[in-house]
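Data first, discussion second: the structure below is written as structure tokens.
Chain naming follows the written order as A, B, C and D, and within any one chain the residues start at number 1.
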């Protein structure tokens, strides 16, 4: 198997209900991802950084992602990221020309609320990396697993679609 | 995206609790797989055949699988199958030289009891097919996504491992 | 069995995740309560009114609750209500002197996010009504099933306690 | 609140899937009951004995239950029990004339497979004990919370009904 690094940056994937405030907060330590690894009877290498909502992600944060990718010896990278700016971060990473296989994923619904979509997005990204030939930046969301330019969030419908 | 056919043959993946008997029965209509498609906000093409436990699978059943693969115009095939004889069926399919990309998957725990492992196995198979170059027969179980000869069930530990 | 009417007024019990907005909205038609009835293999008589968060509940709303109680022939009433003003509504109902057995319940965590607490609160209220002798206004939350004056929300800890 | 002792004797309520054998085994340490207490944000006093399927329960086991009830200072007792012989054990306890308030409960579906029914049965029993006046032996199953003679398992339909 290829060695994969999962960089967890936050987003809806990681949100949990806070009963004291009634809000959904981002769980910053990757509990959701580790819960998938445990149930899948496998192991993930996870690095938790940033811990933000997609809409609050800055270019400083994106530089942190690049630094984390560059510092890792692993050539296959999954980034868990909020969905609203996933394409912006993907484009930013593309320009950095990192010479790795990078795939961004996330969730429309928090893992802690309904676990299937988040699990499916992450694990289809994982399967994709086993075979991809070319360095590049990809997205895996809702069964669309493509070059990032071709996987677009439909904000009215609430899922990702393949661009025409 | 590639067009994928999911052939559902039964196995633990599809088992559901029967409160009248206290047994776990195989749900034959692919409810578990359709439940994943719905939650993933995507669509699957599913064909339900056989509906058996892995240990009851015969070579007649395996001929049915081959016939189903041959009759489909789709070149990318996921087979949901019981885990105990997954390697036997894979070997049988390999010998049939079907000139398609075929990946077998299943679950150690029924989707209806704990959904993550089954979802992860199926969706990593799905992601794998997006990129695989060579026709062949593969297995996707517990994060091992390989040529079928290299993904082996460890019956003591209860999960699949990569052969050395 | 006693005949019970469940008056569903909204609150956290009924909240569901809205993937388009990322917010938790109140599901107004009692899906959570009906889901419990179905899984419990029993039947509930449910009346959905108001559909509000606890903090938005007004005395006009409380008059609606009283009217609903008075118009029902049933003598045993469960009210599903937000937790923040559950005691205020209980006190209001007490003053109305309705000559029925009334118990308020709700949840700290939405049923759709984690179902056990909401189920336990509702079903312990249901069991309580089977045997209570005296008309009155009661609360059932987190294993505290008492006259409403003795079941108090601890906002720091996030659950109800018995008053000393 | 009344002080309640939960005596856990096994039964379907406690069954968990064993991925190595594919069987459902009784978890003997009361994990399911403790999971409910934790989610309900309350505390239970639990004593785990016997750990058997209902059909294997003997009169020796029933004597153990009586001994456990007699040795406890608590007057309010919930017994988690398999459903097939719940009425036999209830009748046996009735004859022992224990001068306590005893309620038997259990589940048609294991808590670990689908948690709502088991939770509702247990927590409605709990609510019932808060108010019951008379010593006796009761059953709480599927919304039927009655003297044990009036709560009867319908084996064709798979739930408990009130006898006419």
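In the analysis below, a contact is a pair of C-beta atoms (placed from the backbone, for glycine too) under 8 Å apart; a residue touches a chain by one contact, two chains touch by 3 or more.
Just so it is clear, the structure is predicted and the values come from calculations on it, not from any experiment.
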Exercise for review: Compare the contact pairs of A-B with those of each option in C-D, A-C or B-D, and report the one where over half match by residue number.
Suggested key: C-D
Exercise for review: Weigh A-C against C-D on C-beta contact pairs and write down the one with more.
Suggested key: C-D
Exercise for review: Could you tell me the distance, in whole angstrom, between the mean C-alpha positions of chain C and chain D?
Suggested key: 26
Practice item. Go ahead and note the Å separation of the Cα centroids belonging to chain A and chain C. Key: 39
Exercise for review: Identify all positions of chain B at which a residue touches two or more other chains, and write them in rising order.
Suggested key: 108, 114, 158
Study note, to complete from the structure: Seen from chain D, its contact residues with chain B in the complex are 12, 17, 19-20, 22, 24, 108-110, 112-114, 155-156, 158
Check your understanding: Quick one: in the complex, what on chain A touches chain B?
Key -> 1, 35-36, 39-43, 108, 114-117, 119-133, 140, 142-146, 158-159, 162
